[in-house]
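These notes open a run of structures that come right after.
Both complexes shown next keep subunit A, but they swap its partner, so subunit B is in the first and subunit C is in the second.
This part shows the complex of A and B:
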């Protein structure tokens, strides 16, 4: 990714390759279309504790 | 109403996405003797929902955002036990990741990128409170983003889109459910052929309807870029619409561009018009409910989604066939009856309003377009996908059962003469929305009111449009060629 000159054109030129964060059905549908997709099993970070999340972000975690 | 027995169970540290949970909730709710069923994560907003339903006991109150709560009210102990058994069985089934596709999945964006280093798009659909954070992390790692989540504050949207512009990335959304990129239908999108028409849309079902009308008339779509419903508002100022126009301008596969939105903020509209004037390509603007505006020579304004598709196709496509009105007239027995529109697509509801307004028919809507009269006429056009209907419930495109109750009410209402409905097909949508409609219609008298439907989709969609149309016709529904055509047929019936 680092060397891409125009990431929007790269997307439009295809092929589309997806990281799916959230609703798993989106990744399943894409895979069914032959689109490369990786499902991330997301859950609220730091148990959903807002202050802890802000702290994690500050630490770059 | 709250008679019977109620109970909750909590599964600590069991996170499941909202669509999967709503599907299970609906299945439990459909069991005999169950009056209410919620499977939901223990976030503050979800607990509020349980409180409103009278189902927030001490156990549910103690649950956190990573804990799953199952809350049920049933007629008796047996029904309650059956409800919990069904819910627990579904939670260990394949749809939840606990069954056949329970292989290892990454737990973070970073590990996801290691698994797919060629990734060029992140789709983010986590709860609104966490959505901007995930989108920002994806943009910072050089990924274009489609942000499906809603309830993202507008200041966060402005910041995300500024970051995207700085990095030369697309930031589609928030509240973007539909895109078609390089032939891939993403989110709620239809299977349409590739072609030379590019779409930029602040509306999911607007994009779907225009893409399907173009496809069914023999045209094709280069890309359909969603920008989120607020992009052309004053705060965001068209940031992603402009980026999308830039991209489609450079894209050799795109010869014409259709912009679909609610009426934009005036300053933003001027900025968009100036940008269009600098483009060598031809544009169609469809901002349903917008007054005629000054546009450069390479742009035309369309009043409806159908008109936008026709303009992009240079006039191909066309008006509703006369047979639709003849069929509707044959079934219309209630000349003084009012129109009740029950829509799952927000833009389809807006388009129907534009059609009725152009025919001089006053109406009421929960999502009125500019100039809509809040009349006491009795005609009502309702967007069932609006927030007030979807709080804690699935969107009607995912679960058409959401339309059952208002549909039954309309069918039984002696003042209703015409029921207008949309059936939205495509990836992400329910597998058989027409079948669900037909099941509700079956016990009713077919003569009054007349039900007029449009089916947004193609024969290549998973549901197959031709089969869905056939199901509706067998149920006595008049099927129009487009949503605009359905609304025109209703207006023509009222005019006699």
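This part shows the complex of A and C:
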């Protein structure tokens, strides 16, 4: 049987660069430990408001 | 209609809306007496900034400006009597926007005040805005003492007639190219107007010099324009109103035609929804304060000057104006670029004639789409002056404020109903 390395372990063996989507605190914590991190300026469509998402969908936005 | 049909109809209507914005040809043609120029502006009527509001709900600066305007017009002998008259329903209040007009901060206009007249020669409509009074104690910030009223009388009796005569003699001053040059000189036309004020003075000075015999009087006119970096703001505002009015009433368009605040509520109008206001409580600007003042002294957001952002300038053109980014507390010049880029996410197009050097001459973001605002969660960025919350003190700082999301959500509900998909 072929001996395959765990891809996650493989990833962590080298320098890590992180793209973070969501809570910015995750990126800041990594930066505090010297890990390169880029925070993506993103939020859920219409802030997650289902009524607005439904209207936007009907209006083709 | 299918979902695809609705989307296509809105896209087509919005394209028409932006087409009209870009086709505008605004020209500063005159300074006239408000009561003569503005149809329907009668006796004992006060126009104000923002959506409709009555005396009990008005903030301190607006009440101060109203009382001052009443004394200026001679409808009351003093400020106390003026406040009593206003509280008793002795004057009628209407938004400037209902009379083809706009005004900065409190925005008060009464019949004897001089107003600048901008004509949109592509569509034949005219829009009006008061003359900028300068800094310090002024009516737009709620000032109403003898010094404020004396300056307003000088504007009505001396400055306005001379400036109006010069504009008529010159056949008007085209504004579109002037704005383009102003953007390349670091103006964003809301909190920085030093470039365009200088360009306007340069254009009108020879005509003024020929029209005014008295050298001292002429020097006074030049001093007034040259001593006020924000002189052009009111020109830009009348221009914004003249550009946006022909965009009203395009069926199926979700483009914003007006954003405005009265110090208590913020209102927007949307092309496809006629002249209805969609309102929410105003927000407090975040910014930098003059020495001796803090956020505790600040009045919430106020003024019709957001018409400048509605046409893609002001906070939308922050990238053109590193000096403003520092002045309003927006951060570094590099960060200023992000403000403009963010506004591209909520607009329909870029204006190819008003470009920003620091963005490789990309056009300013143009045509705010309420659908994009709600979907992105990004509300329009507005550069603004900050008034003291008490009448008569004046400007205490400058900053950035956001249009409240609730205005756009309410408009989106109404727009979906109008499109038959609610």
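We adopt the following convention: the second predicted complex is superposed on the first by the 34 of 61 C-alpha atoms of A that agree within 3 Å, B and C clash if a C-alpha of one lies under 4 Å from a C-alpha of the other, contacts with A are read in each partner's own complex, and residues count from 1 in each chain.
As a working rule, a residue touches a chain if its C-beta (ideal position, glycine included) is under 8 Å from a C-beta of that chain, and two chains touch if they have at least 3 such contacts.
Predicted, not measured: the structure shown is a model, and the values here were computed from it.
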item: Subunit B versus subunit C as contact partner of A:35, first or second or both or neither; value: first
item: Which of subunit B and subunit C A:52 touches, first, second, both or neither; value: second
item: Partner chain in contact with A:43 - subunit B first, subunit C second, else both or neither; value: both
item: Which of subunit B and subunit C A:24 touches, first, second, both or neither; value: first
item: When both partners are placed on the shared chain, which of subunit B and subunit C touches more of subunit A; value: B
item: Which superposed partner A:8 touches (first subunit B, second subunit C, both, neither); value: first
item: Doubly contacted residues of subunit A, that is, touched by subunit B and again by subunit C; value: 43-45, 47, 57
item: Subunit A contact footprint on subunit B (complex, rising order); value: 15, 17-20, 43, 64-66, 97, 101, 105-109, 111-113, 115-127, 129-130, 133-134, 138, 141-144, 148-149, 167-170, 181-187, 223, 243, 247, 250-251, 427-428
item: In the complex with subunit A, residue positions of subunit C that touch it; value: 3-4, 6-8, 10-11, 254, 369, 371-372, 374-377, 409, 412-413, 415-416, 419, 421-422
item: Residue ranges of subunit A in contact with subunit C within the complex; value: 43-47, 49, 52, 55-61
item: Of subunit A, residues touching subunit B in the complex; value: 1-2, 4, 6-30, 33, 35-45, 47-48, 53, 57
